[in-house]
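First chain A sits with chain B, and in the next complex the same chain sits with chain C.
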Partner chain A sequence: MDALKLDLSHYRQLLKQYIDTQDESALYEAEQISKRSIQHNISLEEIINTHINALEGIYPDLPENIQHSMSFLLEVMISYGLALQEFQDLRESQLEIKSEISVAARMQNTLLSTVKPEVEGFDIGVVSVPANQMNGDYHHFIHHTDGTVGITVADVIGKGIPAALCMSMIKYAMESFPSEHKNPSEILESLNRVVERNVDPSMFITMFYALFNPAASTISYSSAGHEPGFYYHAADDTFEEIRAKGVVLGVTDTAQYRQYEREIHVGDMIILLTDGVTECRQGDRFIESEEVLEVIKSFSHLPAQELVESVYRHFEKLQDFHLRDDFTLIIIKKDV
Partner chain B sequence: MDFRTCVNIQKEWDIVGARQFGRDFSKKLGFGIVDQARIATAISELARNIYLYAGSGKICFDEVENVGSRGICIVSLDTGPGIKDISQVMEDGFSTSGGLGAGLPGVKRLMDEFDITSKEGEGTEIRVVKWVR
Partner chain C sequence: MNLTVDVQEQENKAIVLLAGEIDAYTAPKLKETLLSLTEKQGNKVEVNLEQVNYMDSTGLGVFVSGLKSTKENNSELKLVQLQDRVYRLFEITGLIDVIDVDKTVQGGY
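Here is the complex of A and B:
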């Protein structure tokens, strides 16, 4: 417990110096002793004991009542010292947990990694940043042989490790679907059954699934209660919410999802996101979705990747570099 | 083991008696004042556990020897409900004294050796040792 002991004679000499002179330099030295003691895990009661011994060394005729009072102090500090040790041990185990989580986070990044498609005539930008180490947002691109691309954006209600575990399951469920199975409504219906059967009822997953056909300049999509994205019309410089009806995944095993389709015109943008973007907070205030669109617009002259990164940096700064929720933003621009 | 002395724990006041005996005993064995205080605190925790959870039991004291070093052995015995999940009560932060005491992990820290056996419905025996340095 006390492998290292305080240097009693040094302590006694300093204590005497201070009693004689009330010199600040002795107090500064006392501070150093305190810090060294923490470093070397010297217990609180050991310090008090050293003090008692030093005092008795300086004043061999220390009155008995003072001696008793010091023993009393020592006794009072025992439980306090114990609590401090417990705190130190807990801090160490917290560090262990943290490093385990960072390993898990790296693993998650590998498991859930996806390749952003390079599509002629389009420019695509993606940013996805977790609030904590593990991401509860998920986005994925599926490259079909016919040149179409499946795009998934999902959010587990809740953050951290449970959300991340849930996402890994979603990814593998989707990979097990046959490759000809690519209609957004069918995919959401199949996934809904997987989630309903396998995920804790307290956990909800929202998902937006789109099938992007670059050759035809169309996108068809369905949504399972996901935060609506936006469509930017270059012709009249306006944004339109991409509305899609559908219940959150996992609520009922018979859920049906409507599928929508739209054509993408030159200069237009498709903006897909999670609520970490639209529910950014400035102090206690939630920002309005108009503000998100304003910011997107102000950077819209940039290439898609720079655009999404600039938007992210803007909101990161607005929230004092402390994200409250996982942040995922995907923008698809049709080249002019 | 022939000279084992035990203090019965039934009332809260008995905790003080056990502390007092343990302190006098450890002083006689040559423990310094810091270790005396640690031993007394460990006895408090053990005795309080008996008083709060078992209703009655006893704390017994022995002198132990091992290759030239002397120590104190304290055994806490009760016939209370026992501890269902020992790992849980040995976890930091899970204090059986409602967050007020140092709990069994505290006792383990205060002493050099710690051993616990418990059977649900039959009782608990905790044996701790501290060596004179």
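Here is the complex of A and C:
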């Protein structure tokens, strides 16, 4: 402990000034002493001792009964002193935990990092922002050698550190699948078994998996209970919910996932997201998904990356810059 | 917002009345109550969500734990009278196919 001695003569001088004049400035200075004492880990007992010494300095003939009362006060304050010490210890260990979490968060970012693929004829934008330090949302791109791109968007139910650890497991499970094994339905069925066997019963994962074939302009996909994305039809300027049936990963070991396929036309957009986007709130009011689509539409003239970032900023502002849930939005535009 | 959990227990049967919001803050309390009921062998547990106006995915986690516990303890779990927004969560996540969810009518056994 770097306990600095309280400056007795300064204290005595201040105390005298206050007793003589009841001057506000002395009180202000007393407050400063109090703050500095906490900063320098000066114990409560020492402050009271200093007060007694200062008092005896100012009044050499201090009545004995006042002196006794001070010893009494000192005794009464002992438990407070101990509590303060405990508080300081806790504060230090909390700082340690905080810095460990930020190390873990950085490690998570490295482990789960993914590179947005460059695909000719398409424009892809991605934004993923955690509500707290660690992100329970996950997205990943795999650029296969045959030119197809695997796209994963997932949300771990259960937030914070356990969710993040779970996501790392998922990522490595996916990477261990053989490379010819890339059909969305197969991937989800395999992952479901991994999650079912290895994860706590109250934890499960929603996932949307798509295999995007830029050369053929098609996308095939399956969903494990994930928040549905949207498809924008440029031809008639409408949005359609991308519905795909399937239960979340990790609930039953026999789950089967249907696979769907669609063609992507010029000017169309594929919008993938997590419930942090659709469950935005303005005060107590929930944002309807029509509103999300209107916002997307209002920025749809922008390049995909600017588009997703503008949508994010819009909802961040709407929620007073305090996200309740992790927010992930991916938009794929087929160039005109 | 808060969640009130009101349990009416009868022989081999329990009705849980919920009111408020189910989220990360209120879920632990609900989970504790729910599991204490589904862990009783053969118990029939009905959860009424009529007064639940918000539930996030943490709430789903609670009911999934409840479901897993019914399988281990030969008990039953049924959710009744869900509001649209809450029902939609069970629908999207595919959980309506694995959990007994009755949207409108208050079901009895």
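Convention: the second predicted complex is superposed on the first by the 319 of 336 C-alpha atoms of A that agree within 3 Å, B and C clash if a C-alpha of one lies under 4 Å from a C-alpha of the other, contacts with A are read in each partner's own complex, and residues count from 1 in each chain.
Please note the rule applied: contacts are C-beta pairs under 8 Å (C-beta built on N, C-alpha and C of every residue); 3 or more make two chains touch, one makes a residue touch a chain.
Keep in mind that this is a model prediction, so the values were computed, not measured.
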{"item": "First (chain B), second (chain C), both or neither touched by A:N49", "value": "first"}
{"item": "Touched partner set for A:Q88, first chain B, second chain C, both or neither", "value": "neither"}
{"item": "Most chain A residues touched (candidates chain B, chain C)", "value": "C"}
{"item": "Which of chain B and chain C A:S79 touches, first, second, both or neither", "value": "first"}
{"item": "Partner chain(s) touched by A:T21 [first = chain B, second = chain C, both, neither]", "value": "neither"}
{"item": "Which of chain B and chain C A:G246 touches, first, second, both or neither", "value": "second"}
{"item": "First, second, both or neither for A:S99, with chain B first and chain C second", "value": "neither"}
{"item": "Chain A residues contacted in one complex by chain B, in the other by chain C", "value": "none"}
{"item": "Contact footprint of chain B on chain A as seen in their complex", "value": "1, 45-46, 49, 52, 71, 74-75, 78-79, 82-83, 85-86, 89-90, 93"}
{"item": "Contact set on chain B toward chain A in their complex", "value": "32-34, 37-38, 40-41, 92-93, 102, 105-106, 109-110"}
{"item": "Sites on chain C touched by chain A in the complex", "value": "24, 31, 56-58, 60-62, 64-65, 67-69, 85, 92-95, 97-98"}
{"item": "Chain C partner contacts - residues on chain A that touch it in the complex", "value": "155, 157-159, 201-204, 206, 224-228, 245-248, 251-252, 255, 275, 279, 286, 325"}
